[in-house]
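Naming follows writing order (A, B, C and D), and every chain is counted from residue 1.
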Amino acid sequence: MSRLYRMPSLGSDMEAGTLIEWVRQPGDRLAKGDVIAVIETQKGAIEVEVFHDAVMGRPLIQVGDKVPVGSPMAELEDASAAPALRPATGIPATHAPEPGPAVAEAGTRTSERIADQAGHRIGHRAGTGTAAQRRRASPAARRLADARGIALDAIEGSGPRGAVVLADVHAATGTTPTTEAASPPRGHLDLAAMRQAIAAAMSRSKREIPHYYLSHDIDLTAATDWLTARNAQLPPDQRLLLGALLIKAVALSLDKFPELNGFDRDGHFEPAQGVHIGCATAIRGGGLVAPALHDADQLQLPTLMTRLRDLVGRVRSGGLRASELSDPTITVSSLGERGVDRLYGIIYPPQVAIVGFGTPALRPWVQDGQVVPRNIVTATLSADHRHSDGHRGALFLARVGQRLQEPDTL
Amino acid sequence: MTRDEIKTIALQELIGVAADLAGETIPGDAQLRDEFDLDSMDILNWVSALHKRLGVDIPELDYPRLVSLDATADYLLERL
Amino acid sequence: MSAQMIEISYREAVREAIREALNRDPRVFLMGEDVGRYGGCYAVSKGLYDEFGPERIRDAPLSEAGFTGAGIGAALGGLRPIVEVMTVNFSLLALDQIVNNAATLRHMSGGQFSVPLVIRMACGAGKQLAAQHSHSLEGWYAHVPGIKVLAPATLEDARGMLWSALEDPDPVVIFEHVMLYNRSGQLAADAGAVPIEGAAVRREGGDVTLITYGGSLFKTLEAADTLAADGIAAEVIDLRCLRPLDDATLMASVARTHRAVIIDEGWRSGSLAAEISARLMEQAFWELDAPVGRVCSAEVPIPYPKHLEDAAVPQTDDIVAAARAVLNR
Amino acid sequence: MSIRETDGDHSHLGDKLHLDRAHALHLLREMLRIRQFEERCAELYTEEKIRGFLHLYTGEEAIAVGVMQGLTGSDAVVATYREHGHAIARGLPMTRLMAEMYGKREGVSRGRGGSMHVFDADSRFYGGNAIVGGGLPLAVGLALADRLLGRAQVTACFFGEGAAAEGAFHESLNLAALWQLPVLFVCENNLYAMGTALERSESETAIARKAESYRIPAAAVDGMDVIAIEAAARRALAEIRAGGGPRFLECRTYRFRAHSMFDAQLYRDKAEVEAWKQKGPLLRFRQWLQEAGMLSAAEVEHLEAEVAEEVAAAVAFAEAGQWEPVEDLARDVYTEQPA
């Protein structure tokens, strides 16, 4: 039995990808989650993984080929069928007797088959809400948006019944109809395309999402003291960054505020099934990506830190994975030690909230009636007022603050 | 190991953790955080790499001393 | 182009083309109802009878099938006939000969016989000739492989297409819109043959492509003027040749403008406009920024009263409105 | 200008037609070639070698053979969809004709036309026209070209009596007469337009009289008598060549087989068919030759064997033929222009 490995969709704005490298070769055994290939998208080179145990079969496209999402890229043999069992002479499948359904699925794992019958796919992280309605857009607008790496969802349509037309894409990218985007160099981030993608997404967000903004000062003294003491005992590669604590505190606090963790689907809220924190990561020279740190609420701090380092490293080197780009359920943006007091983020659609952390600094703080210098960070929340209210948002920020008072419980 | 050798290693490891700086000319006195946009993650990765390469432990409290390649070379020379 | 220009009407341009052909090639003759002594229903051949005599300006009885078929036979026999059918509606009486014989003979005979025949006919509404003299059935002819279909709209094409059509080894049907005959303008004194393939961009513009032919060309150019006053730059394409269609010119234009409106005096259902629209979908879908628009005739027999006739066929205002619609402005 | 009736008495031929033995045998052979070719076609049709519509000329062979005797190589022929006989009598090779029946590339029309659309430029054979009456205007035009180009050629145009109901018939006769064109109109009146008997479709069943109304000299001939037809055709052709304008022959005949292969013949009695078969052109002419001492039974047998051989060779040729490549489907829709 062979299946087809198809060009994965890494986001609603991705329509095609270019194969840069086959990481695995025909005959290689692949475990679920193994990277099989690297593909080029407008967001850079991305490692794509398999979602089932399998044996790499015949490649169907070549390095350099650009194919639409859903196009077959390679055959995958079922992992349970050892390669040795395959006929050595390679009898074409079409000459074999037509297998009945039961035989045809014999190699498929039972759990997967049941899941398929139930209409679900294992490993598919998206929620169970109804599929988003296809965005109305002219063919020309679709093509240009694809070339410019912009999600149609991120563009306000001025055409009939809100359809996105060419002019909207040009407006979103700040280009004129006569300038054509040069195709991005392979294997590298196309910063221009990313700039346009950010512009488009943020423009749409500001147009469509009624943001509300909350700000809350949090005393980080306990957390930084705990961190300093802990890191002092550890070699550099085991040390934690404050950012890891902040992410964990946010992730843990979301359990009581599910309305902040999920997606807007045509005005309806769809709660996420897990907490996948989009970690806003700046790219030197400009640009920003917020890949997902999966199941951040479930990770122990050392693991979370390791994952975070890995993630940031791959942002910089252009090796993000498919699921990391498409999966964030909420974004955390931390300016670190070289920023400003506070930042108010813009929600990344279709998410409904973004948490911001300014630069921690010693500030005067009243404690037990005394003004004392404490290490203070200003946390902010920008959230979608269609799906949550300020009161709930305030409670959420307060909870994040409380979590950070007990760093050893994070 | 001379200061220049140490400085070369520091640069190599910096490029190792921030590959996107590979094409840059980084003067010895350049302020790495401000001029080359190194953040805390980069510093941590760099410190880890230097630790591995040179066996020098760099406590967190000393991170502020690693402001430039020259300063880092001086610091490491002290610690070796 | 020569600096020497002459003032000439479309009718005179066609007549000059026939005269030139008769002078250049002894195999050429004109045949049709009242083309001789009467001078042609639309006076196109006026004077030619006296000049060339009854053998070469041959009056035919009211036998469209007979004389059109005879034209085919004469072409098979080595002549270069120009058959004039008074209006496209009458050509239906000769449709069997055109479709079953002229269009098929070459292919059906395995390439043995060509039919170098030119059939000219008047078409179109505007002269209050009502429901049996006013139609635009060019699209029907353009449906048929084996014939070529031309629609000269300009003086240059009226003057130049005929000779090229006569040189063509295959049957060519030329449609002359009745509202064009009286149009006058400047034409080079030495104007001659023009190619009978390819569309022409009659006006350049980047906002919307207006595709038309024949009698609707000048309405469309007027519409483009109106649009220009509102800052909309319309490109106007004159198809000239309805079969084969010049896909390349259409697609190249739409690739620039991303919007198209087709103006066709034929009825909308199953029209040439429908064919062009389908080709735009097939070949330029990803260039389109709006649905293709069409301005066609109302699906009624063309009525006699002026106001109803005007309402039935595409007018400049309709074209302007359709262009605005695809521009969402 | 009257309609000349002829009968089976050939004595009148003496001064008009020199009927030597060789020519008589030629006429017999030509009719036999048509008959055997078509009988084989009927068989091949049942074997699905030949498809589409197959209209057989069986019983009417004398007309094509008789008329063709008067034509020269530069004259033109326009025929109908029941045209195998005309093609054979006009001299088209039986091999390529059979290949056309098969739809093979070696066919006279490259296999494009099949049974109904036989064309041959070399012999000026302009179809093979399957629209009843549709060929008549073509014949008028061909003759017009000859007239205008000053060529002393004639166009022979064959059609059935069913065509007389078509407008194109009347338009064409009128034009030919009006312009005095060199056309020989040959009406093969086999009494049935498909399944409609003549008296059920025409108010005037004497077709030749319709021609006369257009002031075209016309004659009605026994269509089962090859000698009578040849004589009438030669006479008419001579008048045409002399500049007398068009002539019209109505040949009264009968088809022995169905209209096409798929025809239950509900419209006529078997007895009627049998009666006509007794007057069949081959049968009568052979009997006449034998009675006149011009032909022995052995010679008939020999002749039939020779023709059978030719038909077998034609079938072999068609069988061995190639299908036109699909890539050539659109070839010759238009004339290929030199690049």
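Here are some notes:
Keep in mind that, in the parts below, a contact is a pair of C-beta atoms (placed from the backbone, for glycine too) under 8 Å apart; a residue touches a chain by one contact, two chains touch by 3 or more.
As the structure is a prediction and not an experimental result, all values here were calculated from the model.
Think of the whole protein's Cα atoms as having one middle point; the chain whose own Cα middle lies nearest to it is C.
Using the average of C-alpha coordinates as each chain's centre, D ends up farthest from chain A.
Each chain gets one centre point, the mean of its Cα atoms, and the points for chain A and chain C are 59 Å apart.
Centre to centre, using the average C-alpha position, chain B and chain D are separated by 104 Å. Computed from the mean C-alpha positions, the centre of chain A lies at a distance of 83 Å from the centre of chain D. Chain centres here are Cα means. That of chain B falls 79 Å from that of chain C. By the contact rule set out at the top, the touching chain pairs are A-B, A-C, C-D. Taken in their complex, chain C has these residues touching chain A: 206, 258, 285-290, 328. Those residues of chain A that touch chain C in the complex are listed here as 138-143, 158-160, 165-167, 177.
Against chain D, the residues of chain C that register as touching in their complex are 27, 29, 55, 60-61, 63, 65-79, 81, 93, 96-97, 100-101, 105-114, 145-146, 148, 168-170.
Partner chain A is touched in their complex by these residues of chain B: 17-21, 33-34, 36-37, 39-41, 44-45, 47-48, 50-52, 57-61.
By the touch rule above, chain D contacts chain C in their complex via residues 76, 78, 107-113, 117, 119-121, 126-129, 131, 134, 136-146, 148-149, 155, 167-168, 171-172, 174-175, 178, 331-335.
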